[in-house]
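Structures incoming, each one as structure tokens.
The following pair of complexes shares a single chain, chain A, combined with chain B in the former and chain C in the latter.
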Partner chain A sequence: MEIKKTAVAGTLESSDAQVTVEPGSDGIELLVESSVIHQYGRRIREVVLETLERLGVKNARVAVLDKGALDCTLKARVECAVYRSNGMNENLPWGGVIR
Partner chain B sequence: MIHPNKKRLRRSMMFLNCQKPGLIKDPYIYGPDSIMLDLEDAVAENQKDAARFSLFHALKEIDYHGVERVVRINGLDTPHWKEDIRVCVAGGADTIRIAKTESAADVRTVEEDVLAAEREFSRPEGSTLLMAALESCLGVLNALEICRSSERLIGIALSGGDYTKDLQTTITGTGDELMGARQHMIMAARAAKVQCWDTVFTNLDDMEGFAEETRLIKRMGFDGKSLVNPRQIAVVHEIFTPSEKEVIFAEKVVREIDEKKARGIGVFTVDGKMIDIAFYDGAKRTLAMAKAAGRYKGDL
Partner chain C sequence: MRNAVGREIPEEILRETGKQAFAGTYALDGYEYKKAAPRVRALCDPKREKLVGSIREALEKCGLKDGMTLSFHHHFREGDYVVNMVMEEVHRLGVKGITVCASSLGKANDAIVPYIEDGTITGIQSSGVRGRIGEAISAGRLQTLAIMRSHGGRVRAIETGEVHIDIAFIGAPTADEYGNLRANGGKSDCGVLSYAMADAEYADHVVAVTDCLVPFPNIPASISMVNVDYVCVVDAIGNPEKIATGAAKPTTDVRKLMMADYCTKFVMNTPYFKEGFSYQTGVGGASIASTISLGKIMEERGIHMGLGLGGITTPMCELLAKGLIRKLVDTQDFDMGAIESIKSNPNHVEISASEYANPFNKGAYVNKLDFVILASLEVDVDFNCNVVVGSDGVITGAQGGHPDTAAGAKCTIVLTPLLQGRIPAVCSSVTTVTTPGETVDVVITEYGIAINPKRQDLIECMKDVELPFCTIEELRDKAYAIAGEPDPVQFGDRAVGVIEARDGTVIDVVRQIREYEFQDRRGE
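Up next is the complex of A and B:
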């Protein structure tokens, strides 16, 4: 999928993450900020990159402000931001690339 | 075939906002019988999509330890309900709560989409149960046809806020304004052999009022109550679970009726109370509820 416009999903509440995606042209540029960056920074990056790869996002600038989100929440926020950037919210591929 | 979970114990059904990851990640620790993951009123209009993504991954990845996972979808008068159904079924929700149900046709409309989603996502046909929230005078008046509308329907729930608005009154705390709806709904549910749940009690500072209302609806015949806070769970469970004394008496009644029936005796006394066959089903129900709640380990 292409990132067509800037989109944001999630909040800065505890157990959540705020994910912003913007159009890019040079692969994935990922910025992660987290209160648990030393323990989980690598894992957060892995989850975000895997999710983007599954969605077929090749070029994007992505910022994640993590507040202790579980993996399932990170995935949900990345997917939501990507689909929002494409203006899509119906007939989504649940269980397909969203999994 | 009747779904094995159609009649499961549902004393407490706790609402949780799907928009809030912190709320939906571990509610099983509070021990409700069911959680109701909300896509409807608790979720802001511009966050419906985000709530669905959170719901899908929660259903797929969080172990809720046997707590029933009900999802409240948006009403049929909104643009959201079809995608809500798709994500519920794809995620494997146990039950879908239909908001603002007013007729049997409403339930069948949802049922059609649920079946289509079960086929699309390769879920067993008939595996997704339904419950209907009655939130208007028309919905309450049509309770019986709603209760009989589908084999998937486990029961009906009163939504007091919207109902009293439609009735042109308010929630007073006395229960006067809800009495007609409660009485009508429980009779309809029993006539159709489905379950029935009472509305939420939102004043968290009035736990005695909450307990009083819960005792009232228990006496009326309800199966349980919708809840808004984990603090309310223990109160409901205590009131809805048969006491040790009730369990012992019910056990005696069942044993005595079985034994006396074999000897051709129709009426007799147990602990000084006159007993006949009319007490049998009630005693069996007490034991079944105590067993489901873990308070009775016997074999009756």
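Up next is the complex of A and C:
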């Protein structure tokens, strides 16, 4: 999938993450800020990059503001942001349907 | 060297501080020493007054100079004005190299951080620190090693002379002009002055700071005029709304209620739950809920608590008022209900921090505890607890009476949710050890209960009890299965603080925090 426009998913509530995707041209540019960066920074980046790869996103600027979200939450927020950037708002292929 | 909880304590830390490495909770039982003593300036002439016009005048009369140690208590909790007021004046006088020896420091004292940065304050000794002071210490901005002591450990350090207080500032809700201090009445009621009592007895100079001067004699006094040099009246010593809150509403969080039920069921199935048992609990939602549910069982079975100890909250006072507790013995009041109770109920009694928890007196109340119900930021598979350093490596909590009560009680129960946000509360190895696992008997989470294998007696008496028992490793594995296994915090090399065990040995070292760096730069 391509990132067509800037889109956001998620909140800054505890145990959530806010993911912003913007169109990019030079691969994936990823910024991670997290309240649990020391313990889970590595894992957060892995999960976000894996999810983008699974969705076929090759070029994007991605910002993750994490407040201690679990992996499942992170995946859902990344998927949602990517779908929104494509104008997809209904019948979303949740939960790793797109591989 | 590696100490008795397996922590590597650098030789240079031991050399620099003159301390020993922790050798076990009871290793220094029977230790003999001669108590320290303060210098006293006699007051024979009845014409000489103790009232001073300002904090500045008090500091000058006490001979404030570079390098002195100033002490404070934390009974005004998040509403404290005294520390900031005194340190601001010290700063104005241009004095440097002060050590602040407080029974605790919190967010209310954020204002002293600039004085750490400019060298006014170069030492901090406290039960713990929250807020910006903790961040400043963890960032390496304090010139010397911060020392974290339990409430009992602090009194021990003062009485042995390990720390010598030059000037003690004692915020007092009421005082008379000769320095009889009470915790009740006035505008900034805090219930008790337990943590300031050792300061009054062992500091060279003692300054009472009050916002309510009352007629002489202000008795019965928590702190007597015989130990007080000066009395300073100021506009306000604290913010009453933050000193004591209304009673916390009983929690409706089903997780906490479940943990409270587990805790009560565990307690009532131990041999210690019998007429006259003794008990201490904390202020967390689950602890308070367990006090309430235990109270119901006590009422049903006609069992009375002989001693209720510690920091006191309204639910304990309600049990006292119902006649279910014989004596409520108090070192700190957490809410208005507790403050009202100590004023009106003769069986609710103020004690000193030494009587409460000092391991080096001739016997403290904690030694008589059957149960203590505690919380913890982290507990590891060796049952070691961490209540001072956040999982992100930043100092953010206080030892309080945690290690003291754990060491004293026959049954030490830690109540904690399995995860705090994403952070596993049960882990392989705590960030910092503050309470040794040998003193922790049971860990209760909403996912299961682990008994320390060292307590085969407790395991035996629970064998027919319907509770979700498992091993501590199983608890950790459940936490990691949900949240993922956490990476260790990336610390710098420099030590910024020492965690003292209650006997004054080094149980762990706190290191400077480092900004997080991704180990490989893929995707950036």
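Convention: the second predicted complex is superposed on the first by the 93 of 99 C-alpha atoms of A that agree within 3 Å, B and C clash if a C-alpha of one lies under 4 Å from a C-alpha of the other, contacts with A are read in each partner's own complex, and residues count from 1 in each chain.
The rule we apply is simple: a contact is a pair of C-beta atoms (placed from the backbone, for glycine too) under 8 Å apart; a residue touches a chain by one contact, two chains touch by 3 or more.
Computed from a predicted model, the values in this text were never measured in an experiment.
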Partner chain(s) touched by A:I28 [first = chain B, second = chain C, both, neither]: second
Which superposed partner A:A69 touches (first chain B, second chain C, both, neither): both
Chain B versus chain C as contact partner of A:W94, first or second or both or neither: first
First, second, both or neither for A:E53, with chain B first and chain C second: neither
Which of chain B and chain C A:S15 touches, first, second, both or neither: both
First (chain B), second (chain C), both or neither touched by A:R84: first
Which superposed partner A:Y40 touches (first chain B, second chain C, both, neither): second
Partner chain in contact with A:E2 - chain B first, chain C second, else both or neither: neither
Intersection of chain A interface sets (partners chain B, chain C): 14-15, 69-71
Chain A-facing residues of chain C, complex: 391-393, 421-423, 482-484, 486-490, 516, 518-519, 522-524
Residues on chain A engaged by chain C in the complex (per definition of touch): 14-15, 27-31, 35-43, 45, 49, 67-71
Contacting residues of chain B [partner chain A, same complex]: 20-22, 25, 48-50, 52-54, 56-58, 60-62, 82-83, 86-87, 90-91, 121
Chain A residues touching chain B - in the complex, by the definition given at the top: 9-10, 13-16, 69-73, 75-77, 79-80, 83-84, 89-92, 94-95, 98-99
